[in-house]
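Which chain is which? They are A, B, C and D, in the order written, and residues in each are numbered from 1.
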Amino acid sequence: MDLALTCEHATMSLGERFQAVRALSEELAHGLSAEDQCIQSMPDASPTKWHLAHTSWFFERVILQALLEDYAPFDARYDYLFNSYYEGLGPRHPRPQRGLLSRPSSEEVLAYRRHVDHSVLGLMERGEPEVDRLVILGLHHEQQHQELILTDIKHAFFVNPLHPAFASPQPHGVHEEPAEPRFIDYPGGIVPIGAPDAGFSFDNEQPQHAVLLRPFRLAASPVTCAEYLAFMDDGGYRRAEFWLSDGWALAQREDWRAPLYWEQQGDDWKIFTLRGERPLDPSEPVAHVSLFEAAAFAAWAGKRLPTEFEWEAAVTPQPVVGNFLEERHYHPRAGGHAGPLAQAYGDVWEWTRSSYDPYPGYRPFDGALAEYNGKFMASQIVLRGGSCATPESHIRATYRNFFPPAARWQFSGFRLAEDQ
Amino acid sequence: MDLALTCEHATMSLGERFQAVRALSEELAHGLSAEDQCIQSMPDASPTKWHLAHTSWFFERVILQALLEDYAPFDARYDYLFNSYYEGLGPRHPRPQRGLLSRPSSEEVLAYRRHVDHSVLGLMERGEPEVDRLVILGLHHEQQHQELILTDIKHAFFVNPLHPAFASPQPHGVHEEPAEPRFIDYPGGIVPIGAPDAGFSFDNEQPQHAVLLRPFRLAASPVTCAEYLAFMDDGGYRRAEFWLSDGWALAQREDWRAPLYWEQQGDDWKIFTLRGERPLDPSEPVAHVSLFEAAAFAAWAGKRLPTEFEWEAAVTPQPVVGNFLEERHYHPRAGGHAGPLAQAYGDVWEWTRSSYDPYPGYRPFDGALAEYNGKFMASQIVLRGGSCATPESHIRATYRNFFPPAARWQFSGFRLAEDQ
Amino acid sequence: MDLALTCEHATMSLGERFQAVRALSEELAHGLSAEDQCIQSMPDASPTKWHLAHTSWFFERVILQALLEDYAPFDARYDYLFNSYYEGLGPRHPRPQRGLLSRPSSEEVLAYRRHVDHSVLGLMERGEPEVDRLVILGLHHEQQHQELILTDIKHAFFVNPLHPAFASPQPHGVHEEPAEPRFIDYPGGIVPIGAPDAGFSFDNEQPQHAVLLRPFRLAASPVTCAEYLAFMDDGGYRRAEFWLSDGWALAQREDWRAPLYWEQQGDDWKIFTLRGERPLDPSEPVAHVSLFEAAAFAAWAGKRLPTEFEWEAAVTPQPVVGNFLEERHYHPRAGGHAGPLAQAYGDVWEWTRSSYDPYPGYRPFDGALAEYNGKFMASQIVLRGGSCATPESHIRATYRNFFPPAARWQFSGFRLAEDQ
Amino acid sequence: MDLALTCEHATMSLGERFQAVRALSEELAHGLSAEDQCIQSMPDASPTKWHLAHTSWFFERVILQALLEDYAPFDARYDYLFNSYYEGLGPRHPRPQRGLLSRPSSEEVLAYRRHVDHSVLGLMERGEPEVDRLVILGLHHEQQHQELILTDIKHAFFVNPLHPAFASPQPHGVHEEPAEPRFIDYPGGIVPIGAPDAGFSFDNEQPQHAVLLRPFRLAASPVTCAEYLAFMDDGGYRRAEFWLSDGWALAQREDWRAPLYWEQQGDDWKIFTLRGERPLDPSEPVAHVSLFEAAAFAAWAGKRLPTEFEWEAAVTPQPVVGNFLEERHYHPRAGGHAGPLAQAYGDVWEWTRSSYDPYPGYRPFDGALAEYNGKFMASQIVLRGGSCATPESHIRATYRNFFPPAARWQFSGFRLAEDQ
């Protein structure tokens, strides 16, 4: 296996990469108070402090306890507190109660991280390939939680009527109205789908296999807020004919009228961002929509969403360039232009019209890690491409993110497709 | 479009077929009291009387009101009561409250059926292809509800502590232990999937398109109760490692320990059937399991479930023969032997490992009927092959049934698959 | 103990009374179809058939099985089906699932009643005082269920969009606007409260004891619909300042804007009655309000509700005369005039401002019957005086009915009080 | 009105008292981290920080904004965040979401307190009786929240698997088994109930009025843990015959087997206290039981609970002496001996068998404060006497505390009564 975390990490040693990834997690928490790091605004989200501890627990439990015969855990009780969902690793604290853990304190969690860092770096000095393999997995795991730190605190700050900002506001220029959507033709045919054996990938991207596609077309850019406003203005949230049945029921029950984080003030729309509330920029990609809203928009527009296979076939040739977490912008940008499919990487995760099913020949990771991905393969939808909260070194064309079709708190947008 | 309802109906005129299908629905209700026909044991199920009325409403609303300029509805208020889920056809009675409709009475519903029958037959005399096309659709719709009449009353009778029987008990012979499961090789390759243009099919089976399959193997028979008992005896319901995450949570919450309708009495298992409670027959196909249980069994067995494409590719060459509703057996049979893949048709619907996603190029039916199938394409799983409650003339190799992965009240079983 | 069931039954033998009460229950069910008798529109309500069976079970379980050594139950399984809430008498069918019992059929339940009637009448021939005592209790129990048969079917018919009527419509004259409410002075002082030893009474009315009351005033009539409309027109349902906290939360959550069974059509109010829907009569007592609404009205009016002790002290001298079930009117009447406190008996149960607490010296009935009343003495409110659905021979001044403060499906109204 | 806050405050000026009460609240929070002060473990409880802010809001909104024409609020948005339940004072933050308010920070809340303190003290210099009257009310309000700070953090620390302690452990001696319960006779008769006009009291204690009581007997001490263990050992939690219906259903649903905060370890019981977990002391009063458990115990013991009138009549002659918050013991003590009715004050609130109904002649406070007590007079039960978490200067014989019968997180115990 290639040890590359890709991109910026390419010239670093694994030890340097370990320290860089671990440091970035703490950087994200740095501007947050101990109280901010403690709260949990909904069962789907977790406190910042919990993310910081859980990612350390992952290294401790999966690597240190497995490979270091005399490893002394920092606190034996943390095994219960910071196991997320691994049935095979024992009982765990109920997910909806993560926000009740005022103890351990943020400071204790940072001390826990130091303890784990020290032990992992010590273990890595042995130079064992199995250690390296698991450390790389642990770093990708931590990068997934870096994204969640951002999306979860965004939700927590939004439900606070004071609407605190995660980062300082930035000047936000006026953009031109986005141009008419443009579609690009792709020939389809028999294409390779999934990750090759070389390089890191998750089990759910494997094995690489051939898929037969009909010719298709993809929109050159993700759907923008301006386009989405047109859907809203045309009664998009009131016209059942565009909606999947579950989505319509949910939208009625929760009185959806716009994407999450949009707030109407008089005739104008404000949008809540990690840098505080500001006017909506019509030219930026729409984010924080569910699959249900994405599919309804597509139906309204007379188009459809791409399958994950179409997306991957089209994007694979493009370089991994985009508005990622490393930019510290924390929000999709208007008018990004990289590759023929603009903004395919970064900015917003793109809902596909593919349910999250196993690939032919799929084999879960071994042991407890079998639970990492495989057990979620029901009632979820695949998203592709990463977002402004995804570390650049974490994403690739074959990456399969997945969320239930109702989820809106991720930076989730979409791109249209159609048959040729 | 070929007007065939296939099989037994092949030699009938469409008018004769109409009368035969309509009569069968009423036959199913015949042995039930007015009270039996009125109750609804859970929101997913509907009263017999409601099924009899709703199928008539479908003819009335989709055909008679659309095509007969001077059609006088039997009762204008029925449009609200018996619309199932068509947002485009106006507001409707809440689904969980269908069992509160003591009025209209069973007799009034039968009179409603007579009124609709008379009007449809009159309209059919015009000989318009559009009428015929819609009548055939209405008959397939009614056949779907025939199956639901059986599965819904089975559930209703089960929750009654008196455990009434829908039909009289039949002598039930002792069967041999089923033989070791045998697997059949299939070559995969590029295969046609979906319904051809000719003949009736639902929109969700269309368009026919090519799918590339890897070589695979399918079990020659569905999993039997004996095999399933081995899974249970080996802790199948207590070992999280076999289960999808949502399934495990549900099984814990509802304390699942066996398929639905199984009841342990001392060391023995009884099974509740439409012909009353009787000892479990180990050699019959297991039924009334969820996708979660099917997938857990497959993981325990070191196999997997087939995709819907593998199933269709393998079964398409086989004739539509099996234990269907027309046999009035109302329960899966042990040891059926038809085709190389025994019991592929009839007996039990077979869970696949395919989410219910649209086919490439999918177009919903026009108008209100667009809601027939398309709006349910999220969070559901495809089942194939029909069951002992499915009319034989209703099923075909390309037929895609779909239910949420938690559903157990259908005659749902499964067949194992593996890679070559 | 005096065996009198009071009033009309005074000249009957107990056997005749038994037959009369049992016959009245069946008379109430007579106009209902088997389907009508089977449905349960909410967990608080029960199917007619269940009431008919349960009251028979009560005789069977409390008298026949206890006192007849060789009694053969009609069906041993009914003990599970028709036990209401007696933990001491074994497990029972879940209350919210009473409407799923299509079996036993209405006819079987009638046969069950015949079996029990025959056995009880046979046992009564022994002339044992204990038998008579329990039969009288059983008859009062059955009379309570006669009222529930009416209130429960009223609710069930209301939730059916067809709004069936329990009885035929009657001509409904126009009444004059009710006069300004008039208050009557009462001196208070030390008054006897509760039932004397002689005559039948429930344990919750006992023992008779002295209560010290301050002077008070009671409205001469229950609050009318006209008065209640004035409250509504003055924003009664929108002004939190009048409401108890739980009531306000409930009214918001369920969007209450009027009493139960009122429906606004344009500028007019319709009211659903057991004789079908008709225009609201402003001069009839308001019914189907919760304690929360009654208390809010009183606060709006600058008055209060009476305590149960004030009510009893004032009403005790009056004869038991009023619009009862025996009139078969099934609805409160406008302008009744009996006694200084008009309509104190019959028409509508009157909410008091007294929680349902035990009287000093309270002792529950012996044995299983200890559960009859005592275990409900928390979170309930006392109502007094009976309603148009109460048998006349069932009510008395000391009678304590009780329901949670949110209940609205009984014929519950109220009368204002104030301090002198 | 007498300005006395009673007892220790008797020699202080009102300004000194204001500063003492305000300081005590902050002392309680002093040992808690910012994270501890932020969490909310259930909707009934509130974060420490919220209590500190809300009590300040009360002074700001009820006094400063009402009486200071040019008062500048510390932060206008706090009016929304820290209004508890006053509909008359505008919309407010949803109660179950108080634990999501990481902002304002603990430090900002302390600054808010300083701002309010300064303003109130300035206003008090005017020497206006209305100011003094409202300040005294505000201090009693704050004292109520001091008790809640303790009971709410106790619950929050209990649900944390780490079981943090609020205060340091104290040596806990072994006590003798408590003596056999002893009963004291009281004559009953016409007794004054409720608060006199002089001195501070809440509206719900008013007006003083006469109540006629039968002779009764009260246990000389509250029920101890040893006595409660005997109830448990005799199947108290498994025998429905002792329980109120709602209580039994709740105990089954939540699988109650002991008071809240008791944990069985092998054969021993541990108890979680504000000073951490330690062995159960059989001789201390049982606490953290619901009314349902108290009433079940009484039924098991063949006794009953006293009415609030019996309690008040018996306790009024006794001095207000007991184990209060000022002792900083934070837990009931074993074997307290003050007055003939030992531990009538302090240690544990005592459930009575009286629902929380208005007194005859009850008038709520004026204006927005009408919501202080009156709107909760339904479905609640009266408790008397204060607890180890109640400030001594806050309690009196006429004080009516109230909670729903299911509540267990307060220091709630009980004392038996019986008829003579």
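Worth a mention:
The rule we apply is simple: a contact is a pair of C-beta atoms (placed from the backbone, for glycine too) under 8 Å apart; a residue touches a chain by one contact, two chains touch by 3 or more.
Everything numeric here is computed off the predicted structure, so don't read it as measured data.
For chain D, the chain whose average C-alpha position is most distant is B. Remark: chain B and chain C have CA centroids separated by 47 Å (rounded to whole angstrom).
Averaged C-alpha coordinates give centres for chain A and chain B that are 38 Å from one another. With centres set at the average Cα position, the gap from chain A to chain C is 59 Å. The chain pairs satisfying the stated touch condition come to A-B, A-D, B-C, C-D.
Residues of chain C touching chain D in their complex: 85, 87-88, 190, 209-214, 240-241, 243-248, 291-292, 295, 304, 307, 353-358, 360-361, 370-371, 375-379, 381, 404-405, 419.
Contact residues of chain A toward chain D in the complex are 33-41, 77, 80-81, 93, 97, 99-106, 156, 159-162, 164.
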